[in-house]
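What follows is a set of structures for review.
Both complexes shown next keep chain A, but they swap its partner, so chain B is in the first and chain C is in the second.
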Partner chain A sequence: MASEMVTIYVMGKAYEVPHDLTIMKAMEYAGYRFIRGCGCRGAFCGACGTVYRTKDDYRLKVGLACQEMVQDEMYLTEIPFFPGNKATYNLDKLKPNSETVLKLYPEVFRCLSCNTCTKACPQDIEVMEYIQAALRGDIAKAADLSFDCLLCGLCAARCPAEIVQYNVALLCRRLYSSKIAPRAKDLEKRVKEMKRGKYDKEIAGLKSMKRRGLAELYEARDIEPAD
Partner chain B sequence: MYYTPDMQKSMELVEKTRKERQKQQMPLLDAVGKVGLLESHHPDYIKRIFRKLKVGPSKNTLTPKEFADVLEARSMIDPAKFDVSKIDYDVDVLIVGGGGAGAAAAIVAHDAGADVLLVTKLRVGDANTVMAQGGIQGAAKANDSPAIHYLDVIGGGWYFNDPDLVEALVGDAPDVLAWLEKLGVMFDKDPDGTMLTIHGGGTSRMRMHAARDYTGGEIMKTLKDEVQNRDIPCIEFSPAYELLTDGKKVTGAVLYNMETREYLIARAKTVILATGGAGRLHVDSFPTTNHYGATADGLVLGYRAGVPLVFMDTIQYHPTGAAYPEQLLGQLVTEKVRGLGGQLVNAKGNRFVYELETRDVEAAAIIRECAERKNGVETPSGYSAVWLDTPIIEDIHGPGTIKKRLPAMYRQYQRFGIDMSKTPILIYPTQHYQNGGLKIKVDTETPVKNLYASGEVGGGVHGRNRLMGNSLLDVVVFGKRAGAAAAERAASIRRPGKLTLGHLKKFHKELTAKRVGRNRVAPILLPEYRRPEKAKNKVDILA
Partner chain C sequence: MKIPYYPGCTLHERALDFDMASRECANALGVELEELPVWTCCGAVFPLTTDSVMDILAGVRNLAYASRMGDKVVTLCSFCYNVLKRSNKVIREDEEKREKANLFLKADTDERAEMESYLEQDYVGQVEVLHYIEMLRDVVGFDKVAKSLKTSLKGLRVAPYYGCMLLRPKKEMEFDDPERPTIFEDFLETLGCDVVDFPMKAECCGGFQIVRDEETAIACSQTVLSSAIKRDADLIITTCPLCLYNLDRKQKEMAKRVKGFTKIPVIYFTQLLGIALGIDEEHLDFSDNYVDPRPVLAGKKLV
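Up next is the complex of A and B:
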C-alpha cells in the first residue's frame, strides 16, 4: 500500500514523509538519527516533547513525538530538554503539608489558574488541579491526580508563572506515599522475620536440592486462587 | 483507524464467536505438549537464528546472530594509538547506565561514602525500567514466604538458575519493597496500608505489587529524584564505550560524549555495568518492547574485558506485542489484559491456546498459528498477527473495566483512534527481555576483578526464563548490592590502577586470528532507523 505523502517542516526545513507516521518515525524517515529527544518510544519516559503549529493556525500545540501523528504542513520542533527548577531535599525531614511544598517551590504561589498546563499535557492530566491541590496542602489529591505524569516538561514550558509542575507533583507523590498512606504492616513484619533469619534454613534446604526434587515440589505447589 | 477488508471480515468473526468463547474452557498443555510446541516454534529453538561464538571467554557457546555480531566486533578505538593519559574524571565508583539498577547502585554507593559518578547514554531514567507496567514481586504476605518465591523463580527458570542469586533475590525482596515504600513509591494499597497484590505468569501466590500500570515509571522517577537530591554527578548522553584495565583488573572506562563527539577518560577504583538489555538488536527481525538505548553495550564491554556470558541462548519474547497500527509495532500489551480475561483468537474467530500459559508457550503458540497454520490476520504492512479479544473483558467484568484497570493501555490505543474496549487488537510476539547476561556472584562482582554488573545485563538470576515482576525486583536488589560492594571495595583500594587497553589489544588480536568481525564495530550505542538510502548517504564531515 503506497502511503500518501505530506510535507512537514522540522525546525523550518521541509521534508516529504508518509502521512501515517508518528513525528518520531517521520523524522527518522527524513534522515534524522536521534541522540536527544527519543527514549522509550512508547509514551513512558517523556523525552520527546514537541511543539508544533499547523498551516493557517496561529495556535501552538504540543505533543509527544513518539505518539503524535504528522499532519500536512506541520511546523515542529522537539524540546528535548527543559531547564526546570528542581529543589533538593531530604525526604525524611519533610512534613506532608503546603508549607513544605511552598518552601521548596515558592513559585507555586504564583499560579494564575490559567489552565494552560492542563491543555498542554499529552497525558490528559488535570495539571492545574494538582497544582491547586498542592497549594491548598491537599497532598493526597495532588499525588493522585498527577500519577500518570511522564516528566515531559511541556506544562512547564507553557506556564506563565514559571512553575515546574512535574517536580511539584513528584514531591507530592513522595510525600503522600511515605508519610500519609499507612505503611504495609505485613511487609514490616516480614522484614523483621527476615532479619531474624526465619526462612534461612528452609531456603538452604531448597538450595541443596537437585533438579528432580525441586521439580517435584514445583509441580505440586498449591496455587492461591485469584480473587 | 483504517482496516483492510480482510481485517474487517475477520474482526466480525471475532465478534460472532465472542459469546460462545466466553463459556469455552481451553485445556492447559501437559509437559510433553509444551516441549513439543516450544521445540517446533519458539525462536530459542530455531537453529537458523543462532551462531557459535568463535572468540572470547564464552567461545563455542550459542547466541542469536545479532548478539554474536556485536560481541564479535572491533572497538571504535585502536588500542595502539589511543591516548589514555589525560584523566577527565577520577572517582571511586563509576556507574555505567542510568536505569533502575544504576540509580539504586548510585544511591547506596553514595550513602556508603564513595565518590560516585554515573554516566548514561540517554537521560537518567530513559531506560527499560521506566517502561515496566505490570509490577514487582516480593513475598510479603502472610500466606507467602521467600521459600515459596524461591520455588516459583527456579521452576520458572527451568531449574537452571544460580541458587545463590535466587536466594539473594527472594531474600532481599521484603527489604527492597520496604525501602521503596519508605522512599515514597506510590504502591497500590488498601486504606489500611496493605499492598494490593495480584498473580503474574508463574506465581503460586499473589505477590505482584504495582503502582497502577506505571510501576517501573514510579520506581524510576523516585530513584532518579533521590539521585538528584544527593547531588550525585550524572553525565547524560555520554555512554561508556570501552573499559580500561591494568591488564587484569578493571580501572575505569572510556566515555563518548555523543554531542561533542569527543572521548573522555574516567578512572575509577570500581566500575558497575548497569546498561540493561538488548531489544534494539532485533533478533531475527523481531520488533521490541525495549527503549531506544537497549543495544547490549554492557555485554560487549564486559565480554572484551574477559567476563563470560551465561544463558545467552535464551531470549524472552513477550507474546503480546502490538502488531497494528504500525506506530505501535512491538510495544507491550501487558499480560494483565489476559489476566482480566482477554482471549487470543485467530483470523477465523477461534481460540488456539489457553491464555495463561507461560510466556514462552504463549509466544510459540501464536507463531505457530501464523506461520504453520496460516491462521493469522495480515496487516497492511504485511505482518501476520492474531487478535487479542479485549471487548470480552467488558462483557466479563462490566463496561468501563478497561479504562479503569488498564488506563495506560487504553490511552495508548485511543491515541491512534482505536477503542480497545469496543474492538479487539492485533498482536504478535515481540523481543522483550534478555534472560542471560554477564556472569556475576551474589555481590554482583564479575570474574574480572573490580568490575560489577547488575540488572538486565547480568545473567543467572532467572535461569532460562524470567517471570514477570522479578526483573524490577532484580534491578533494585542487585543494584543495591552492587552499590554496596563496589563502594566497599573502592574504600579498600589505596592507589588507583594503571589505565591501559591491554585487554582490547588482546581481543582484537583474537578476532584477527579467527578472521571474524573485521568490518563490524561495537558497541553500536544506538540502533539505525533511518531509511537505508538515507543512511547510505551520510557523511561525517563534522565529526
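Up next is the complex of A and C:
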C-alpha cells in the first residue's frame, strides 16, 4: 500500500512527500542532495539543525532534520551552519572562572534570562541555565548542563542578547575537563606504560599479521574481561 | 526554620566571604538559608523602560522559583534586593504586565510536556522579598539576636553605610527612610556597638561608574569614607558587594592621591554579626578585604 502523502514547503516550495519520513529523508525524496547539512543521521553531529513552522501556528519550532518527522503543511528550512562568533584562546593559559568566560564572550553579560534559547534547543538542554551558570563562574554546572549540545547554533539564532551559547558551552566543557574534573589515574598510568614501550612488541606483532589471523583474533577477543 | 535564599551571582563567586558569613550567622540563629535549586541573575539593574516585560522576566522567574519553596525569599546584595523587590511590585500592581509575564513564563515549559512546569500556579507576587537585615528584625527578631550574642562589641565605633539601592526609590522599596534610615543603627545597637551616625551614610559610592569613570566613583567613595572617618569610626559596615569594592578596594587609589589619607576597614554587616555571635574567624573570612579589619578588631580584643 502506498504511503499517505503530505505537503511540505522547503524554503517556500511545495513538495508532496510520504508522511512517514524524517525531514531529511523527505528532502532527499523531493530531490535534494546533501553536500552539507547532513552528517551522522543519528542525532549526534548537529549538522542538520532545522527551523520549521506548522500551519496555523505563529511559533517557530526547531528540530534535527534527521530525527524530526514531517507533518502536513510544514514550512521548513535547514540551517546547517551558523556563523556565530568563536573566540580563539590558549586553553593552557585560562582559569576556570567567570572572568575567563566574560573576557572571551563579554556578551554573556547581556543575558536577559528570557529563556528563548532554551525554547530553541532541539536537544532540550537548559540553555539559559548553563549560560547563567557560566556567568556566575559555575563552570562545572555549565559543562554538565550543556553536555548534550551538538553546536547546531539554533540558540544563538534566537538570542536577543546575541550570545553564542553553544561556543560558550564548548569553552566551559573544555575548562571543566582540563582544569576541574579529577584526572583519570588509570589513563595516566596506561599512557606512561605506552610511552615506556610496554606495548610496542604487541603492536608490532599485530601489524605483521595477515587479515585472516587478525579476524580470528578479533572474533576471539574478550569483550568484558573479568577484573 | 528554613527560609528560601537567593544568593545572586556576586555572592556565588566574588563575595564568597559574605555568603559564608551570612549562612553561618543564620545557622547560629536557628535559620537555615535554603538556596533556590535553580536561579539566574536577577538582571542586576531594574529597567527604567516601563513598556517592556522581557526586562523584568529574570526577576519574576526567580521569584516564581522561590514561590515553589515558600512565601518568602531572602537576599543580601543590594542590587538583587532592589531588582527582586521592584519586579515583585510590578507583578503585584500591574495587571497587564502580570498577565504577560505569566504567559511568557508558561511558554517556557509549553513545549516540554515531559517536564514539570515550575509554575504550578500563576506568579502573582505571593512571595515576600526580604533583605537579610529585615529577616533578622522581623523573622528572627532583634531581641533573639541580642540573646544569642557571645561577644560584646562595646566600645567598637561602627558606621553603617546604606548606599542607594536598599533605600531608593522610596515608594517602591519601602525599606526605610531614604534620607534618615535607622534599621542598621538598630541592628548595631542590638550588637552593643557604639553607632557612628554620619551624613553620607545614604549617599552613592559611585556604583557601576567605577567601570567607565573611575575618577567619579572614587571621588564619591572618598566623600563617604571621610565623612565616617571624621566622626571617629573604627570601621564601616555595608551589605552591598559593589559598595564594598568601591569603598574598600579603591582605598589603594585614594592613598596614592590624597596625602595623609587614613585607611578604614569596610566589612559586611554579617561579618560583624558573626564576631558578636562568637563564630570562628575563618568562617567570616577577612582575607579578601584590602584594608584588613583584623588589627582594629584585635585592638578591641574581638579576634
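One rule holds in what follows: the second predicted complex is superposed on the first by the 183 of 227 C-alpha atoms of A that agree within 3 Å, B and C clash if a C-alpha of one lies under 4 Å from a C-alpha of the other, contacts with A are read in each partner's own complex, and residues count from 1 in each chain.
To be clear about the criterion, a residue touches a chain if its C-beta (ideal position, glycine included) is under 8 Å from a C-beta of that chain, and two chains touch if they have at least 3 such contacts.
Keep in mind it's a predicted model, so treat the numbers as computed, not measured.
When the two structures are aligned on the shared chain, A:182 is found in touch with chain B, with no touch to chain C.
When the two complexes are overlaid on their common chain A, residue A:61 makes contact with chain C while staying clear of chain B. Using the contact criterion defined above for the overlaid structures, shared-chain residue A:124 touches chain B and also reaches chain C.
In the overlay built on the shared chain, the residue A:148 is in contact with chain B alone; chain C does not reach it. Legend: residue contacts after superposition of the two complexes on their common chain; A:173 is shown touching chain B, with no touch to chain C. Shared-chain residue A:77: touches no atom of chain B or chain C. In the superposition on chain A, A:115 contacts chain C only, with no contact to chain B.
Overlaid on A, the two complexes show chain B and chain C touching the same residues of chain A, namely 124.
Within the complex formed with chain A, the chain B residues making contact are 122-123, 125-127, 130-131, 139-143, 145-148, 150-152, 154-155, 159, 163-164, 167, 170-171, 174-175, 177-178, 181-187, 189, 191-195, 198-199, 204-206, 211-212, 214, 216-218, 221-222, 225-226, 228-231, 237, 258-259, 289, 291-293, 325-328, 331-332, 339, 380-381, 407-408, 411-412, 415-416, 526, 528-531, 534.
Contact residues on chain A toward chain B in their complex (touch as defined above): 1, 20-22, 25, 28-36, 38-45, 47, 67, 69, 86, 88-91, 123-124, 143, 147-148, 150-151, 170, 173-179, 181-188, 190-191, 194, 199, 202-203, 206-207, 211, 214-215, 217-218, 221-224, 226-227. On the chain C side of its complex with chain A, the touching residues are 9, 12-13, 38-41, 43, 54-55, 57-58, 61, 104, 107-108, 111-112. Within the complex formed with chain C, the residues of chain A that make contact are 61, 97-98, 111-115, 118-119, 124, 128-129, 132, 135-138, 160.
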